[in-house]
């Protein structure tokens, strides 16, 4: 078998679920005839027909709400946001309708809202955002941020099968840059389980999405200096895998929290709070955060590069922490 | 029809004028006094498999689908036996078993939800439709627009029923929209927009019925605007002093229950005996329900931690 | 002078700014004729006329956007959300339009978006939310959560004078429950400054909004046991007062982070991250969080009480931490 | 008019067909090829104090307000000398000095923003108006509805100009709305909705002018729908293979620049000399601007940390 890219993996995952479960359908802007702005749904119209691959007007809130209505009636809609940035327009329906139905009156809302997030492609302030925290702070939702093609496929399948609303952030920088050989057989990656991407003994780097690769590159670089990073890919942010994180911290005793989203109110805060509460005695140094700064995502290449956490940032902070 | 209108009236009166003032119901209380014909007329002929997307003045829909007055009161009183088991209050309730879709406070959000409900029927080739209620005020919301547009473009079998009670809280129609009728907006979605006397239950029933048949036959969504009046404040704490008295007087004379009684009497369909019996039955039912609900248990405090996600 | 309630203090603050600055105007649902659902703007229509106190249709996004447009043209709009919960409907305009204009093209957006937040009044899932974190995670915004009448007035005035968009969360539980004597003269409370509500030596409780009073009550209770709490009222969450917080932690060496918003992704995470990074060596115990659990706000009184952090929770955790 | 249409065309062609392909412009590039008459006609008679709320195919508005081709190119190339100093890209720019209000990607968001701009004029008794551009696709957004409703209820002096280029990305009109014209929706807000040939710059100019005068005179907002066609893909990476070739052919014959040239020639307003001179000038201007902008500096990386808040 050949290599499958991250974007193909998602496409395959959706296709497989559509093939085996006729409740699954896809809706969004330009998903049918065009196959999606990033071609995630390419070929699906031809394969499944216009009742299962639906082009909609430009109405993010309406798209999500339509998905919710259909989901309550037993369907399994997969709604695309053309860019994850535009999920802001559907914020109310996601956080107030979808997230709270089950709690309030027991109505399950098995929707998936998916879309490309993240920077590194010079998209500027409205085509590069990482909006995950807005949803991580909303009980009733699940939030997923895959980094590898294997996980992207396994997680989208798990998300579609999940009985609750799942917000699925694809990292557009990875769409065509990440590829690997995937198993032929059906598999899922359960929501809420982290993966140790690299075992190490000195410092735990806890991260997700495109930053996983920055952490791994830094680990490679630091290896030569004898600094041994453990890299944990959270994969799911809500729920997230406390066990794997805390075990790692208890082993290495030093922590770097790394994400591409902006700093204040980012996921690193949640991690820091849990670690500082539940693994306090195991900490041999301050918890260090490496994140984007608190600004919109700038467009111009030199600024965007400065904005995004780089391998060199991880290397520098790891050295400091190692010397602590 | 008369029975459900009366039962709604009595139950809501009890809630707003008694239980709320006794402090047995906490938080906001919204009732549909004077607007009962809209919900009753619209739901009249629906099949039990048709979904109803209620709004905050549609208690009748619950009663007509067989939710008991006791369950409703328990809901209002925050008891475990309410449809939301105390998790939510007042009209914020629903039941998939009864095809009743709970609304959320954010007005207008149900409009595209109903499109999705309808879409699910169309995609599966089912003959069901959904009726979705909203107020004049909700028609200013963006989701209202997105929902109507979505329903019309995707040809969803939905009937949108507007309870135009002339006010949104303290804000009269002319400060909400620069058109005379909410239904004037239906043409923006290429859908029919009927206007009926919302205090005439038969007129509502007939208009909605036409729209339902249209939707069921694959003709897509429609809108029916029911002109009525909010015969109360916005909610139980509001004395509505901003509403000119004459308006209340004008509409009081057009009370939908009195009107139905009169016309049934005229048609010989209602004897004084039958009426007295019905009135008595309604009061007794509500009396009993209050008694029962008031003795229903509160949820356990820790119950608040459950049910956020699927629990198997 | 008599006592001024929290709600009156906000009203006075807005009135004073309207009197001295004719660019200031108020808009929202039912703010004019009705004087606002909570009567914050009562009497303003009569005083300032219909060009400065404007009833709008039910269009939260439209209201905020209208305010933004007017603000860019030099006005100082104060937009009311009837309940802070409904700010979800204006999320996109706030986080994408208002927050990013200055950064992108230098256009200041001096709006205030204000509304009643918080629980304790049996409002249920849609009339009790604490949505502050959605905005704290958005660079370009400022976020304020006053606890006292003095601060409510001083902060709303500062917010109106601020050149950037300010999201102002009033706690509806405090509207009529909190009162105090206020100075006659004009004053502001600067954004971004915390206040030490009670100096103490054993444990720092860092909190804001209605929870300030829970912390103070707990402090009173614990005093008898010889546990001396320091209570810090953040007042502003974005920007927030790192200096006061870190100084307090360095003094007491133990920390409780307390808020009414739900736990995951709440402000306590941000505080924990900064403390665990910048005051790590000063910590003599785990950082403890006391927050609402990760659920919507339940309606029924016994559940809502359980949901909200109580004085007894603070007392219990403080004792545990004291014994650590 | 002809000059600005030509300058826009040349500048956009250079951006889309040359600089983008050379990799000198990164990210998305949207141009208004074939739709130049809309922006030019609409902005023609505006006062410099009138605000313009642009959308993503309105480069002409910048040129007409005196923003230089070099500044625009620098913007597209992420240079420090662009209107956003590299913080944002392509058409995501604005300048309060020129009363040009930058749009954000979220389509439709500018509609209520324009209401606010207009409101600020009305409240202060100023005679200014604002013109706000949007596409057919944007009219499906909730904010579009809230904004038009707000503008009409609050009687804001705004002229909403629709660039109906028949497509939203790959999605044709009939999959976006169940009505024929975007202007059919104006009546839902009690405002006039004119429809004009968007490739006829004079027609656009006259219709918008009428609406501007109306707004300036206190008559409130209006809508003008300009029928045109997107003679490109949605953005520079899109080959538009979903658009039937015949449509391109049909509209190519109606090119707004050619049409204006022809009619000016017919009227004797344009000699071949003058035309050649203008063509030469436009090319030279753009050549020079490319040269200059390409030598403009990039912002310093750390500049990205500045300007989030007021800095005094």
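Labels for the chains are A, B, C and D, by order of writing; each one numbers its residues from 1.
Convention: a residue touches a chain if its C-beta (ideal position, glycine included) is under 8 Å from a C-beta of that chain, and two chains touch if they have at least 3 such contacts.
Since we're looking at a predicted model, the values are computed, not measured.
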Chain whose average C-alpha position is farthest from subunit C's own: D
Euclidean distance of C-alpha centroids - subunit C vs subunit D, Å: 40
Length of the line joining the C-alpha centres of subunit A and subunit D, rounded to whole Å: 35
Interchain centroid distance [CA atoms averaged], subunit A/subunit C, Å: 30
For subunit B, residues that touch 2 or more chains besides their own: 84, 87-88, 92, 104-106, 140-143, 146, 149, 153, 175-177, 308
Multi-chain contact residues (two or more partners), subunit A: 57, 59, 61-62, 85, 88-89, 92, 96, 100, 103-104, 125-126, 139-140, 294-296
Chain contact topology (line, ring, star, complete or other): complete
Of all residues in subunit A, those that touch subunit B in their complex: 25, 51-52, 54, 56-57, 59, 61-63, 65-75, 77, 92-93, 96-97, 100-108, 139-140, 142, 162-164
In the complex with subunit B, residue positions of subunit C that touch it: 29-30, 33-34, 37, 55-59, 61-62, 83, 85-86, 88-89, 121-127, 293-296, 298-307
Touching residues (chain side subunit B, partner subunit D) in the complex: 140-146, 149, 152-153, 175-179, 184-185, 187-191, 220
Complex contacts: residues of subunit D adjacent to subunit A: 26-28, 78-79, 84, 86-90, 92, 104-108, 137-138, 140-143, 168-171, 175-177, 242, 298-305, 308
Complex interface listing, subunit A residues touching subunit C: 85, 88-89, 91-92, 95-96, 99-100, 103-104, 125-126, 133-134, 136-137, 139-140, 238, 257, 261-262, 264-273, 275-278, 280-281, 283, 285-289, 294-296
